[in-house]
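In the two complexes below, chain A is the common chain; its partner is chain B in one and chain C in the other.
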Partner chain A sequence: MICFDKVSRFILSEVSFCAPKGQAVGIVGSSGAGKTTLLKLACGLLAPEQGRVRVLGREPVGEGRSVKSRVGVCIGGIPLLEGEDTVEEGFRMLRTIYRIPRKQFHECFGELSRRLGFGEFAGSKCRELSAGQRARVRLGAVLLSDPEVLLLDDPVSGLDVNGKAVFRDILAERCRRGTTALVTSHDMAAISPLCSRLALLEKGKLLFYGSEHTLLRRYAPPEEIRVRLWGRLPDLEDLPLDSYALDGDELRLRFCPTHITAAEILKQLLGQTGLQSVEIHRAGLEDVFSRLR
Partner chain B sequence: MSLIPYFAYAKKSFLGRSAYRFDHLMGIFSTCLQVFIYWNIYRALYGQRTEVDGITMAMVTTNFILSLGLREAFYTDDGYLSRKIRDGSIATELLHPISFKGRMLAENLGNALFNLIFRFAPAVLISVCIVGIQPPADAESVALFMVSAVLGYGVLWAISFACQMTAFWLMNTWSLFTVKNVFVGILSGSMIPLWFMPEWMGGVLKATPFSSIYFTPVQIYLGQLSLKEIGARCAVQLLWAAGIFLLGDFLWRRGQKKLVVQGG
Partner chain C sequence: MRDNTLELIGLYMRTTVRSWFQYRVDALLRSVAVFLREAAGVIAIYFTLLKFDNLNGWGLQEMMFLYSLLFLTYGILIIFFTGLRDFGAMVRTGKFDRYILRPRGLLFQMIFVNADWFAAVGHGGLGILLFVITAGRVGIRWTPGTIVYYVLAVAGGVLIQGAVFLFLATLNIFLLETGSLKELLYYDTRKFAGYPISIFHKAIQCFMIYVVPMAFVNYFPAQFLLRKPDMAQFPEIFLYIPFAVGVGVYLLAYLFWRFGLRFYKSSGN
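Entry: the complex of A and B
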C-alpha cells in the first residue's frame, strides 16, 4: 500500500490518496504537474516538506535494505543498468544486488526477455541501445526482482503498440499477484487501460482520485446525438435534455449521460419519427481532463 | 549483511581494469622511471658519502621503490562520486538495497588488487633489478609491512572518501583533489623521505595522517621500529582510517539529506 497524506513538496500541494495493495494507479497530468516529484517522494529520493508518505507501512526516506529491495523504481534520467555493461551483465548484477535466487533469475530473465523482446540484443552494451530498446530493457530491469511496489514514470514512452500491450499484460499479472503500482503519464488514453484507478494532477493539486468509471460519471461533459430526420420533428418536451437545436434536417441533442442514456433518447425518437442517420459524440478521458483543468 | 554484491563489484572492477593493458604497462613504466630518476637525484646528492644522518642510500632507494610501488597499487577513484552526482546515477545508488559506501570500497579494492598484482609486483621487481633494494630486516618485518600497508591503504582511501563527499556541495572537486594529491605526494614521504624533513616538520607530520600511508610500512620493512612502536604506529593508522572515514560518513549523511530535503 502507498499512502500520501497531505503531502506538499515543490509544486505538489496537500496531495492525499491511498493506492491499495494489488492496484495500479495512473498518475495523469500535463508536464510540470508534479508526477515525477510524486514518484520521487514515494521512493524516498525526496522528503516531503509537509505531510507524510508511507510505502509498505514505512516512510521511504532513509529506509534500509528491507524496504528498498521490495520497491522497483523506473524514473526517467535515473539509469537502472550501467552503460558499459551488456544487457545480460546488467541483469546479472541486479540479480546479485537484489539477491535473486539463480533459478528464479533464469526463469524471470528468460520470460521478460522473451515477452518484452530484448533477448535478441542481450549481448549489446546498454549505452548502444536505441530509445525503444532501452525502454524495454528498463521495464525488464525494474520487473526482474518482482517488487511488491512498482513506481513507473511514463513506462510506455518509447514502446511500440506490441510493447505497450505486453507491458499492460505483465502489469495486470503482477497486480493480480499483489503488486501495487504508481504509473505516471501525460497521455491519459495510454495509461487508463493499465490502471484500475486514476489520479489527476494539475499544477500540483490532486483534482480527482478514483476509477475511470467514477471520473466519467461525475465529470463527463454532456454527450451529443446528431440525427438526420426522416419525417416530422419529434416532441422533445419530456426528455431531460441540456439543449437541442435544429439545423436544416439535422437535429442536435445535448444531454447529460447521468440523467438519460443515448439509447433511451433514440428509443423515444424512433417512436415518433424516422431517422436517416445517427451520430453519437461521447466525451473521452481527455475531454474530462480538459474540463477539470 | 551479505558481502556477495560487494565481491561482485570488486570482481567487476578487477576484470574491467584488465581491459586497459597499455594503461597498466605505462603505469609500470612510469613507476620504474620515477624510481630511476629519484635514485639518480639522491645518488648525486649523496656523492661519495655512504650515509647522511644515519640514512644510507640503500634505505632511501628502498623507500622510493616501496612507496612509489605502493602508490601505484593504492588505487582511489577520486572522481567517482562527483561523476555519479553529475550524471544523476547517484539516485540509482540510493535506490539500491546495498551500501553505496560499501560499493565504493569494493570497486576500489578490486582495482587496488589488480594494481598490486600487475603493477606493484612488476614495477618493484624491475626497479630492484635496476637499482637494487635493501633486504627486509627479517621475515616478521615483511609480514608486519604487509599489515601496515593494508592499513595505509585504509588511510588513503578514507581521505579520498571524505574529500569525495564534498562533491555534494562543490560543483567541481578537481582542485580539492589536486591539493590532496600534493599533500599525499609530499607529506607521505614518497617523494622526499621523511627522515630528511626538519625536526619540527617531522613532528608536525606525525600529527597528520599522511605519514601513515607509505612511510610507516617502509619503516617497518627496514626494521627501524621496535615491536612496541609497530603496534603503536599500526594503531595510529587504524585510528586515522576510522576517524577520517567517520568524517566522510558524516558528510555522506549530510549530503544524502541535502539530496532528499533540498532536492539536489
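Entry: the complex of A and C
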C-alpha cells in the first residue's frame, strides 16, 4: 500500500490518497502538475515538507535495503543501466545488486526480453539504443526484481502500440499478484486502460481520486446526439434532456448520460420518425479533465 | 541470502575499466600522464632544493620521503574516494539518485562504482618509487614496529583525505557547487603538505593540524620515523596519533554526511 497523507512538497499541496495493495493508480496531470515529485516522495528521493508518505508501511526517506529491494523505480533522468554495458550485462548487474537467484533471473530475463522485445538487441550497448528500445529496456530493468511496489514515470512514452499492449498485460498480471503501482502520464487516454484508479493533479492539487467510472459518472459533461430527420419532428417532452435545438433538418439533443443513455434516446426517436444519419458526441477522459481544471 | 558483495565489486570494477577504455589511447596514457605530471612537480622541487642545504633541518631525501607519503596516500585515496571527489557531477547526472534507490549501501556504491584506477596507478606508482628511493637513505630503522606504524599512518592519511572529500561532498548537498572550496580546503592545503609544516607561519600550521589535518597525513608520520629537531615545537603526542586522527575525522565527516543526506533534494527530471 502507498499512502499520502496531506503531503506538501514543492508544488504539491496537501495531497492525500491511498493506493491499495494490488492496484495500479494512474497519476495524471499536465506538465509541472507535480506527478514526478509525487513519485520521488514515494521512493524516498524527496522528503515531504508537510504530511506523511508511507510505502509498504514505512516512511521511504532513508529507508533501509530491505524496503528498497521491494520497490522498483523508473523516473526519467535517473539511469537504470550503465551506458557502456550491453543490455544483457546491465541486467546481470541488476541481478547482483538486487541479489536475484540465478534461476529466477534467467526465467524472468527470458520472459521480459521475449515479451518486451529487447532480446534481439540484448547484445547492444545501452547507449547505442534508440528511444523506443531504451523505453522497453527500462521497463524490463524495473520489472526484473519483481518488486512489490512499482513507481513508473511516464512508462508508455516511447513505446509503440504493441509495446503499450504488452506493458498493459504485464502490469495487470503483476497487480493480480499483489503489486501496487503508481504510474504517471500526461496522456490520460494512454494511462486509463492500465490503471484501476486515477489521481488527477493540477498545479499540485489533487482534483480527483477514484475509478474512471466514478470520474465519468460524476464529472462527465453532457453528451450530444445529432440526427438528420427523415420525417416529422418527434415529441421530446418525455425525454430527460438538458436541451435540444433544431437547425434545418438536423436535431441536436444534449443529455446527461447518468439520466438517460444514447441508445434509449435513439429508440424513442425511431419509434416516432425516420432518421437519415446519427452522430453521437461522447465525452472522453480528456474532456472531463479539461472540465475539472 | 548469499552475500555477493565481492561479485558486485568485481562487476563495478569491470564497468569502470571499460568506461575508461572507451577512449583507449587516453586510458593507456592516463597513468603515464598522471605519473609524469606529478613527477615533473617533484623534479622541479628537487632542483629548487638542490640550491639549499636543507629546509629547516630537512634534507633532500627526507623531503622526498615526505612527498612519497603524500602520493602513496592519494593513490590509495582515489581508488576509494573518486565518487566523493566528483560528487557534484554525480548529482547533476542523476547517478546519485540511482544509488539512493538501490538496495545497497550508499557509500559502498560511491566508492566502488567510481574507482579511478588509472590515476591511482600514476599517483601511487610515484609514491612507491619515491619511497623505494628514499626509505633506505633517510636513516629509518625498519623494524616490525615501524612497519606497522607506517601501514597505519598510510591508512590514517587515506582516511583524513577521504574525510575531507566526504565533508565537501556533504557541503555539496547544501551549496550545490563546492569546486572553489575543494581547491582551497584540499588541493591548496595539499601543496603546503609537500613541505615540513614547521617552515610555515603559525596560522598555517594550526590550519593544517586542527582544521584540515593534512599534517597528520605525512609530516607527523615522517617525524615519527625521522625524528627531526623541528618536531620540538609540536606536542610529542602528535607523532602517535595519525591513525586515530584519521579514524576520528572520518567518523565526524561520516556523521555530517548522514546528517546532510536528510536535506538532499533530488534534481528535476
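The rule is short, and it goes like this: the second predicted complex is superposed on the first by the 293 of 293 C-alpha atoms of A that agree within 3 Å, B and C clash if a C-alpha of one lies under 4 Å from a C-alpha of the other, contacts with A are read in each partner's own complex, and residues count from 1 in each chain.
The working rule: a residue touches a chain if its C-beta (ideal position, glycine included) is under 8 Å from a C-beta of that chain, and two chains touch if they have at least 3 such contacts.
These numbers were taken from a predicted model, which means no experiment stands behind them.
Colleague: After lining both complexes up on chain A, report clash or fit for chain B versus chain C.
Modeller: Aligned on chain A, chain B and chain C clash with each other.
Colleague: Just checking: does A:292 make contact with chain B only, chain C only, both, or neither of them? Give me first, second, both or neither.
Modeller: Neither partner.
Colleague: Have a look at where A:256 lands relative to chain B and chain C in the superposition and call it first, second, both or neither.
Modeller: Touch status of A:256: no partner.
Colleague: Could you tell me if A:189 is touching chain B, chain C, both of them or neither one (first, second, both, neither)?
Modeller: In the superposition, A:189 contacts neither chain B nor chain C.
Colleague: I'd like to know which partner A:43 touches here: chain B for first, chain C for second, both or neither.
Modeller: So A:43 meets both chain B and chain C here.
Colleague: A:270 in the overlay: touching chain B, chain C, both, or neither? Say first, second, both or neither.
Modeller: The answer is neither, since A:270 touches no partner chain.
Colleague: In the overlaid three-chain picture, which partner chain does A:77 touch, first (chain B) or second (chain C), both, or neither?
Modeller: both
Colleague: Considering only the contact definition stated at the top, list the common interface residues of chain A for chain B and chain C.
Modeller: 43-47, 61-62, 65-66, 68-69, 71, 73, 75, 77-80, 82, 84, 93, 96-99
Colleague: Where on chain C does chain A make contact in their complex?
Modeller: Chain C reaches chain A through residues 1-2, 4, 7-8, 11, 15, 18-19, 22, 93-95, 97-98, 100-105, 261-262, 265-269.
Colleague: How about chain B: which of its residues touch chain A in the complex?
Modeller: Chain B reaches chain A through residues 2, 4-5, 8, 12, 16, 87-89, 91-92, 94-98, 256, 259-261, 263.
Colleague: In their shared complex, at which residues does chain A touch chain B?
Modeller: 9-10, 43-47, 61-62, 64-66, 68-69, 71, 73, 75, 77-80, 82, 84, 93, 96-99
Colleague: Once bound in the complex, which stretches of chain A touch chain C?
Modeller: 36, 40, 43-47, 61-62, 65-66, 68-69, 71, 73, 75-80, 82, 84-85, 92-93, 96-99, 153
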